[in-house]
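Okay, handing you the structure first.
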Amino acid sequence: MTRSVRVLLFATAREAVGAASVDWEVPASGSTVRALLAGLVEEHPQLEPILKGSRLACNGVYVRGRRARIGPGDEIAIHPPYSGG
Amino acid sequence: MTRSVRVLLFATAREAVGAASVDWEVPASGSTVRALLAGLVEEHPQLEPILKGSRLACNGVYVRGRRARIGPGDEIAIHPPYSGG
Amino acid sequence: MSCEITSRPLTIARVARQLEDDASGAVVLFVGRVRPDTSRGRRVSALDYEADRAMALTRLRALERRARQRFGARRVHLVHRIGRLRVGAASVIVGVAAPHRSAAFGAARFLIEELKRDVPIWKSDRWARAPTGRRRRRRPSPSVGRSPG
Amino acid sequence: MSCEITSRPLTIARVARQLEDDASGAVVLFVGRVRPDTSRGRRVSALDYEADRAMALTRLRALERRARQRFGARRVHLVHRIGRLRVGAASVIVGVAAPHRSAAFGAARFLIEELKRDVPIWKSDRWARAPTGRRRRRRPSPSVGRSPG
């Protein structure tokens, strides 16, 4: 059974980490966006400035703030500012 | 040697006269737009209301007013309001 | 030729090809088509278009120049079809390529508005059913009957 | 499907076919293309586009609905290409069919502006060369680092 969330990394976030996604372990009881990001930044300090300008989504829905709860199996997307077109 | 002007008739003007163009005799010394139109209306009274809303051109250039001179070989176009597009 | 009056069917792809230009990041195409309800709620199955071809081409070329000067358009293509057009057929295509999208949109809108207002082309459903001056004109034009001259 | 994210080349003719509709008298197509001078005066030969495909499609479909409601657009087609695009290649095509030209122009302009602002798609020349937050953002977005939560 999965004990991790999948973090999808795009654009500058992907470059900073060097991967399009990482699987990040979380307690079976769940965690928060805040804790997830703190862990990611600890391992990839170059992510920190990018996260400041990014939107976050959980399972395809934008989340505001860092208190949002996440749990095993969730998919978290990190969206730096868009530049399509 | 030609002694006439050619009158090009479009849209409602063409329908009123029943022809896309008519050749109209003018004196070798020339005439005026006013005289040409008076002659046309005499022969085709149904043209009169159409002329009121029309632009006129002589040899591809718009003419203002009815004093403009015309002479044998000239081409006069009658343009009812445009409706292209 | 970037301005055309033609009796053949219009194709968007052909206009688009005329607009190829590496320095233009934006292309806007406008296509006008014959609608079934053009004539005051009555359904029409076709429209007849006619043009004073020589003068229309002169006017279209002048519009092209103005679009280049005023909007910085790099490529302009203006093509109007004449003859009998059935519902759904394209009567006019305006194509603009410009460095940026604001210019491309602005030029395309400018061109179709001016084309309708100022280029000697006529469609039949308008003039066949309202032959006298009951329609409002958008601006004064050289008026023969009312001319003081 | 009227909204697509694809790695295949975009063709205007294909989008135009999706917009066939007898009740629409006006079609507006916008094509965005890779320009050689995208990156602050430096010439680039290609751009890499990527997308959060699932979310991008959701956002594009929402934009399509808004264009229908707000402008009365009858047909909307939104397609964005991803992957490596060379200069001159079309990166995005927006197509709208509406009864009248004002609505078609308005909806097409609305759609491309919103697409650029609000759909998770990225091009490489921007983020590869300005990796941190030096670029101005157009509006506040949920900001992680600054969040009081």
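Labels for the chains are A, B, C and D, by order of writing; each one numbers its residues from 1.
Throughout what follows, contacts are C-beta pairs under 8 Å (C-beta built on N, C-alpha and C of every residue); 3 or more make two chains touch, one makes a residue touch a chain.
Everything numeric in this text was worked out from a predicted model, so none of it was measured.
S.K.: Any chains in contact with both chain A and chain B?
M.R.: Expected: no chain.
S.K.: How many angstrom lie between the centres of chain B and chain D, each centre taken as the mean Cα position?
M.R.: 52
S.K.: As a quick test, compute the distance in whole Å between the mean CA positions of chain A and chain D.
M.R.: The computed centroid separation for chain A versus chain D comes out at 25 Å.
S.K.: Distance-wise, how many Å sit between the C-alpha centres of chain C and chain D, to the nearest whole number?
M.R.: Using C-alpha averages as centres, the distance is 27 Å.
S.K.: Two-or-more-chain contact residues of chain A, please, as numbers and ranges.
M.R.: Nothing qualifies.
S.K.: For chain C, write out the residues touching at least two other chains, lowest number first.
M.R.: Chain C, residues with two or more chain partners: 32, 112.
S.K.: What pairs of chains are touching here?
M.R.: All touching pairs, sorted by chain label, are A-D, B-C, C-D.
S.K.: For the complex, which residues does chain C have touching chain B?
M.R.: Spelled out, the residues of chain C in touch with chain B are 32, 49-52, 54-56, 58, 80, 91-92, 112, 115-124, 126-128, 131-133, 135, 137, 141-149.
S.K.: List the residues on chain C that touch chain D in their complex, please.
M.R.: 11-13, 16, 20, 22-38, 87-88, 99, 101, 104-105, 108-109, 112
S.K.: Sort out for me which residues of chain A touch chain D in the complex.
M.R.: 8, 10-12, 14-16, 33-34, 37, 48-57, 60, 62-67, 77, 79-85
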